[in-house]
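Below you will find the structure I want to go over with you.
Per-chain residue numbering starts at 1, and chain names A, B, C and D are given in the order in which the chains are listed.
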Amino acid sequence: MADTLVKATGIEVVYGARRRFGRSTAGGNKVLHGIDIHIDRHETVGIVGESGSGKSTLGRALLGLTKVTKGSINFDGVDITRLTESRIIPLRRRMQMIFQDPMSSLNPRHSIRRILTEPLLFHGVATDKGDAERRVRRFFDRIALPSSCLDRAPHELSGGQRQRIGIARAALLEPDFVLADEIVSGLDASTQAQTLNLLKGLTREMGLAMAFISHDLSVIRSVCDRVYVMRYGSIVEHGRCDDIFTSPRDLYTQLLIDAIPLPRIDPGWLNRGRIDDATAVAATI
Amino acid sequence: MIAMALLKRLTTTAGTLAGVAVVVFVLLRIVPGDPVAMMISPGASASDIAVLRAHYGLDGSLLSQFGLWLQSIFHGDLGVSISLRRNVLEVLLERLPATLELCIAALEFAVLFGGTVAVVGTIWRNSWVGELIDAVNGLLLAVPDFVWALAFALFFGVLWPVLPLSGRLDPSAGSGMVTPFFWAESLLRLRFDVFADLSRHLVMPVLALSLPLAAVIARVLKDALIEAMAQDYVLLAQLKGMSRLRLVLQEALSNAIGPTLALTGVQFTFLVGGTVITERIFAYPGIGNMAIDAVINRDLPLIQGLVLVFAVIFIAVNMLVDLLQLVFNPRLRHG
Amino acid sequence: MTNSILSISDLSARSELDHRLILRGVSIGVAPGETMGLVGESGAGKSTIAKALLGILPRTVRITSGRIVFDGRDLRNLPERELNQIFGDQIALIPQDPLTALNPGRRIEGQLTDGLRLRRNLPWRQARLRALELLDEVQIRDPERVMRAFPHELSGGMRQRILIAAAFALEPKLIIADEPTTALDVTVQKQVLRLMRHLQASHHTAIVFVTHDIGVVAQICDRVTLLFEGRVVESGTTAEILAAPKQPYTKALIAAGPRYDRPETGLQPVPDSVINMLRADIIASDGRSSNG
Amino acid sequence: MDEAVSLAPPTKAVQSHSPRWRRQLKVLMSEPKVAGAGGFILLLALVALLAPLISPHDPLDQDLMLSALPPAGFDGAERGHLLGTDNLGRDVLSRLIFGTRITLIVAVVAAGLAALIGTTLGLLAGWYRGLVDGSISRLVEIWMSFPPVLLSILLVAVIGSGVTSVIAAIAIIDWTRFCRVIRAETMAQAQQDYVLAARAVGYPRLYILLREILPNIMPVLLALVSLEMGIAVIVEGILSFVGLSVSSDTPTWGGMIAEGRQYIHQTWWVLAAPLAALFATVLCFNQLGEGLRRALDPVLRR
């Protein structure tokens, strides 16, 4: 498994556990129940699940941004689970993140120039300010953004522009691994398509490995090679997209796929797969 | 669930009280110079000083002094006031009711006036009425009780002398009140002559204390109401045929009170603190007025007693606010 | 549209803030008991139409021309008193976000019975019984407990069912469903869509279903009206629109969304050429109407 | 579902090309409250600076022949004394002008100190949470259990009167106001995605606090500082009213108010003039604060 880049084994995360002298006692709700997941180099892996499935928490745990209460995370052979902050910094450059809400993920008081050039200087990807500026301008041509944006503040740009700035911030650091957390939900079909095509192009050109989190199976199918299906903090099924979508083994996955309304006339769809409402009710209260 | 929240609140309150006790004890001990020297009246003999030192155990270690001091407080022995030559607790209990009546009257007026302004400002928020309320409220927020008190004294006391400038009751009215709670007692015993006179004395100090609180309530409650009015559930209620007033009172108010309570609590403690200067301006015989004299006369036991009383009031107010939060916010109750 | 319950003709609306046209001569007809889909990307004007039908247009939006005939009466020149009998009574709303559409500070019972008591002045006991029936009808297992519950104790799907029950409570002739399932998980969405279709059949209520998801339209709507920046691009039965769309924009919009059953075809953004052609047409017609 | 999308091309047109700080300055000045209130305070500062030049009389020299003169416009007024004289014959306007000095010094220095202490503790408590937050919050809770006015009077009495002790008293008491607000604002900002993004980039924790979060706290902080200056002016007024502020010969508004209160029936204007000045100053600091909060907050402004 030489080409495995990110590997997580038996991860558990508990929110709100009251910590007594470092040991987390009982209490608090367990959000992830023993997750095993791996992502190989240059591979795009989907993580899909409905709200409350824990997919976002898993994503942040993979990047070491959320403390894991049990299990370990390995990035390119290094166990980063309990690394101190200072020792994880060099690795940070190689694993980046793109956010769902372009408005709140860019610092409102920083100019776009500062948001994009500072990380390059911090990690030494660029030798000096001029080098950083050149890299950013070259990248702007690639993602069709006018370089006059550099002097603007985030709230002076459109939603689509801000989303591309978010992608640029991650890609400019030339990482090996990118986490995309629900980056297209809430966008119109057209802008969604533009953004996903841009991202697919970049991952191919830069040979990035990507974990793509979404609640939308159709988006997952058109972007990812493999997919993990999650429900209530556990993985119910995983495999190549072609296998999962044509012959799903797990009942919940079937339910999830069948629940997607397709833009074609399908009279039977509405009444197919009547799961007993009791289970739905019990599960959700 | 509520019991657990209460228990947690009690422990933090105990912690705060302990902290307050330590601060008061230390504050009065770090005073430059010998604490006793501060406490003795001029011309006291050497033996008096020795007695005082022994009484406060000043010869023992700081810790034992603190222990001794705490014990005495638990037994209600706050020491003897130097300037008044009377038991501190007794004096406090005698004058506290006057201040409490003043503060409660101010609170009632502030809640009524501030609440009404907030509701009216919300209903007509898109008209000139709304803008006018905002502008006037902006000014009110800037005027502290100190400025109000002096402005009233100037206007009602001098230029248009309608109200008495000082005191709590005209000696001529002949109170004949038994309890120190004159205002409440005169009402209960239907002594309207006394009640009227008391009220005339109370108008200016109550207004001076309550207007700043009313301005805060009006501003905070109106912002919370307007935010609630923008929610879908108010739109649905409107579609059910509710009148604008009922929309505000039934739909928005229940959710707007929660956030407003916290700020009103803090602001009310400032109001109680404000009695120190407001009572002084109107020579109103409450504990606030007495506090300034205590400080000027360096009457340490009395100062200690006053600071503790104020602290207890503040902590009680904060606890009351937390309990009310539980009442008004079902989500907190169910956790 | 001879026996239509709702007939909007040539409706135009303008924003007071920047004086731009939001609706440009929209005409839509809805038959009793029929579900009409209003589809379009954000900014197409579908939500403005929905608000106009409920009389809750924001103060800054003004209808400049056109007629809205509901149940034979033109809403634009009815007295205020009569309009109040229609909005929220004969025309009801199913809102989008169940999290903000129920009052967090009040139990469910009050929010369900208010409409019955205010609009039908049912006594308190009778309104409570009717509310329990409604909860049963929307397949809620334990109506008594739900009546006493506060919104934060219930799931999103459960809350949306309650809102649907509230909408059908007054037996309206027309329901405006404003993106009712957008905020829900896809499994919950399917249950809610199934419930709406079932209730529509038993109450034969017309529904104007506003959404940006063409998949949902395909499964739930009898007819569809596609909007682009305030103008009707195409309108017809769902089968016609999906099988043989006449306008290039319609074809492009259907193809834009990703599809799990045909991964290679999806992700084609609407080409700029199609958008520019539409816009040129709009500017031309704006020119005609403003000096016409 | 926002409806009003203009016919402009998909990406928003990018506005003018002036550098960011000039645009921010233009925005600040366009806010009426900032321009108006700011202007008055600048004027006040000038008056304080040039007091000896512009003051018609020496604030201290008494002239019993001209005592208790009413202000201009009332019968018995004297030309040279616009706002009249007090019962010792001292010119009210001159004392008012010189009083501005103490007022502004106390306002600026006390508010600055309180801001420094409170903001530092607030940032630390809001960002590092855990034990740090617990102990600071407990300290604030204890500190707020004392009535601020009484505590300041007590402190000044203990430290001894004088401008420095007044400033120290105000700072020691009012830092909790900054700590409470800045802690809440820091916690709110810390939940934003841009902070998570900074952590993802790998910036150290302290760097994120100072370079990413602090700039976003500025609007609230600046507004609070100007509010605090207004409060400091009031507390200084109260302290000199109670006779604890500066030594009696230096004129202060509070001192004038105290004398005015004593002879309220004979010379009401001796109370009215400083009271009006105090009110105008506090009102301006307050309005400046609100103006700054609205002008500097991009979301509010859009």
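Going forward, a contact is a pair of C-beta atoms (placed from the backbone, for glycine too) under 8 Å apart; a residue touches a chain by one contact, two chains touch by 3 or more.
On a predicted model such as this, the values are computed, not experimentally measured, just so you know.
J.: Per-chain C-alpha centres versus the global one: which chain is nearest?
T.: D
J.: Per the definition at the top, count C-beta pairs in contact and tell me whether B-C or A-D has more.
T.: Answer by contact count: A-D.
J.: With centres defined as the mean C-alpha position, give me the subunit A-subunit B separation in Å.
T.: Distance between chain centres, rounded to whole Å: 53 Å.
J.: Measure off the straight-line distance from the CA centroid of subunit A to the CA centroid of subunit D, and report it in whole Å.
T.: It comes to 46 Å between the two C-alpha centres.
J.: In angstrom, rounded to a whole number, how far apart do the mean CA points of subunit B and subunit D lie?
T.: Subunit B and subunit D have C-alpha centres separated by 24 Å.
J.: Mind pulling the residue numbers of subunit D that touch at least two other chains?
T.: If we look for residues of subunit D contacting two or more partner chains, we find none.
J.: Going by the contact rule already set, what residues in subunit C reach two or more other chains?
T.: 42, 96, 153
J.: Please output the residue numbers of subunit B that touch at least 2 other chains, ranges allowed.
T.: Nothing qualifies.
J.: In their shared complex, at which residues does subunit B touch subunit D?
T.: It comes out as residues 12, 15-16, 19-20, 23, 27, 31-32, 138-139, 141-144, 146-147, 150-151, 153-154, 157-159, 165, 266, 269-270, 272-274, 276-277, 280-281, 288, 291-292, 295-296, 298, 303, 306-307, 310-311, 314-315, 318.
J.: In their shared complex, at which residues does subunit D touch subunit B?
T.: Against subunit B, the touching part of subunit D is residues 138-139, 141-151, 153-154, 157-158, 230-231, 234, 237-238, 241-243, 257, 261, 264-265, 268, 271-272, 275, 278-279, 282-283, 285-287, 290.
J.: Which residues of subunit C touch subunit A in the complex?
T.: Touching subunit A: residues 41-42, 139-142, 153-158, 185-191, 193-194, 197, 212-220, 238-239, 242-243, 253-254, 256-261, 263, 266-270 of subunit C.
J.: For the complex, give me every residue of subunit C touching subunit B.
T.: Going through subunit C, the ones touching subunit B are 54, 56, 59, 84, 87-89, 92-93, 95-97, 100-106, 111, 114-115, 118-119, 150, 152-153, 163, 166.
J.: For subunit D, which residues count as touching subunit A in their complex?
T.: Spelled out, the residues of subunit D in touch with subunit A are 10-12, 14-15, 17, 19-20, 192-194, 196-205, 212, 215-216, 218, 298-299, 302.
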